[in-house]
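Shared chain: subunit A. Partners: subunit B in the first complex, subunit C in the second.
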Partner chain A sequence: MKSINEINSLKLIIKALFFVFCGSYLLLIIKNMFAIMENDLSYINECSSEDITSLIIVTIVIKLISKGLFFIGFYHLIKVLNFETLDGSFSIKKINLFKKSGRLILLSGVIGIFAISIDMLINVFNATFSTIEQNNDFLYSLYFSAIVGLFLIVFSKILERASELKKENELTI
Partner chain B sequence: MPIIVNLDVMLAKRKMKSKELAEIIGITTANLSILKSGKAKAVRFSTLEAICKALDCQPSDILEYIED
Partner chain C sequence: MKTIKLLKKLIDVFFVLLLLSLFIYIVVGILYFGFSDLLPEGAIEVQDFIVKDKAMSIFFTILAIAFGFFVKGVFHLRKTIPLLLTGDYFSETITKHFRACGIIFIYVGLTALLVHLISQWYLNSIIWIRIDTQIYMFLFLIIIGLFFKLFSIVFSKARDLKQENELTI
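After this line comes the complex of A and B, so read on.
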């Protein structure tokens, strides 16, 4: 009972973080829409409007996709957290949600790392070294995201096995 | 599963009802039904002992191995 109370308080923190993330993602979309309406992509990227190439636009779109995937994965994870008892986490539905969110977060991390790598290469060619450090910091969070995604997939496999063992245990007379 | 549970046969031989056996060995009728239908994944030695005691038989009278 005590552990459930602890988990409930942690769930609240995660849900609050999800709303913060939703807010920041919404702001990002508004900023990008504004940039497109103004026809000035320097709002999105640190480079000046003359430097903008199609490659930069592609990286921006890939980053947006990566963040969108993370958003969906995070949403699934929030749905997983809506269980009342620990036994509820053994249901097939919850396990599938864990797997789904893990895959999405892992994919988001991998796509994000790919986009940042392209961005870093562009910065090297353009000799804008100040943004390389920023990108490098962002890279760590993406690596972490990919690792968390992988962990969630592994965890879902463990839960799947645990669910099978629970069923077997229930059918032991 | 190649393990067949012949509990029905033994119950008929002893002219005992499932409910009675369940009460004697201390398991629910639902669990006894799972055992009878062969859906059970495992049987505890303590349950097997109780069944053998109640029906006055050997484990081989209840469980049978038939190759697939």
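After this line comes the complex of A and C, so read on.
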């Protein structure tokens, strides 16, 4: 009883935080739209309007794809929380959602790292080292999200095993 | 098994990089806030908005401690890998490590978020929330911490199922 109460309160906090997360994503979209309307990428901390090249635009598009995949993955992860009892967390649907979210977050991390690497190379060739430090921080967070993605895939495998155990148990009874 | 092996490699590299970054962060911080008079002009370059005063040094110290705890959280995650590799998914040790790392991630995320907001307010004299990667990362860290905590409970339940199963056999 105590654990189910704890789980319910944790679920509630996670969903509330995800709501805040969505809000900040919405602001990011508005910021991006503003940058496109004003034709100035400095609004999204990318570069000033004078140095926009096609390579920079490609990098920005790849970064946006990475962010989009991350958001979808995260949304699937939140959907995992829709279970009423503890046994509900071992259902095939939840396991598949876990796997899907893990794969999407991992993919977003890998794509993001690829985009940042291109960005870093551009900066090295242009000798603009000031942005490399910022990218370095971002690289760490992407690397961490890739690790989290892999952990979610592992979690799905553990839950799969737990689901088998539950079925065996029910059959024995 | 392949996934766990890949995870092991990634987490090992991440852990070493984190330790190295923590060391650099502390050394640079101590030099900047404590001994900058002894260093030649321009020896340490920081972002323009970082002013050298007592409040900023306090923010820096809190963040350094939070960073240290984050490394400890990753250390707990790393400790689960050998157990996962043996296939002992439902051991009490794994659950304990997930729970510990979850709690650490929640506190680190909350601390970093608070320091970020307070330092922005301190530097700009207004409550100014800048939507940047750091905010996402802190929120993500708190949510992932909560997830680890939640699933440590679910895995405890799975352990009970396994024990029941073994007893029935």
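Quick note on the criterion: the second predicted complex is superposed on the first by the 170 of 173 C-alpha atoms of A that agree within 3 Å, B and C clash if a C-alpha of one lies under 4 Å from a C-alpha of the other, contacts with A are read in each partner's own complex, and residues count from 1 in each chain.
In the analysis below, contacts are C-beta pairs under 8 Å (C-beta built on N, C-alpha and C of every residue); 3 or more make two chains touch, one makes a residue touch a chain.
Note that the coordinates shown come from a computational prediction; the quantities given were computed from them, not determined experimentally.
In the superposition on chain A, A:Asn8 makes contact with neither subunit B nor subunit C. By the touch criterion defined above, A:Ser145 reaches subunit C but does not reach subunit B.
Using the contact criterion defined above for the overlaid structures, shared-chain residue A:Glu168 touches subunit B and also reaches subunit C. Of the two partner chains, neither subunit B nor subunit C is touched by A:Ser91.
Of the two partner chains, neither subunit B nor subunit C is touched by A:Asn82. By the touch criterion stated above, A:Phe155 is placed in contact with subunit C alone, subunit B being left untouched.
Shared interface residues of subunit A (contacting subunit B in one complex, subunit C in the other): 168, 172. Those residues of subunit C whose C-beta lies close enough to touch subunit A in the complex are 3-4, 6-7, 10-11, 14, 17, 21, 77, 84, 89-90, 131-137, 139-140, 142-144, 146-147, 149-151, 153-158, 161-162, 164-165, 168. The touching residues of subunit A, counted against subunit C in their complex, run 3, 6-7, 10-11, 13-14, 17-18, 20-21, 24, 27-28, 31, 45, 74, 77, 86, 89-90, 137-138, 140-141, 143-148, 150-151, 153-155, 157-159, 161-162, 165-166, 168-169, 172. Subunit B makes touch with subunit A in their complex at residues 27, 31-32, 34-35, 39-44, 47. Partner subunit B is touched in their complex by these residues of subunit A: 167-168, 171-173.
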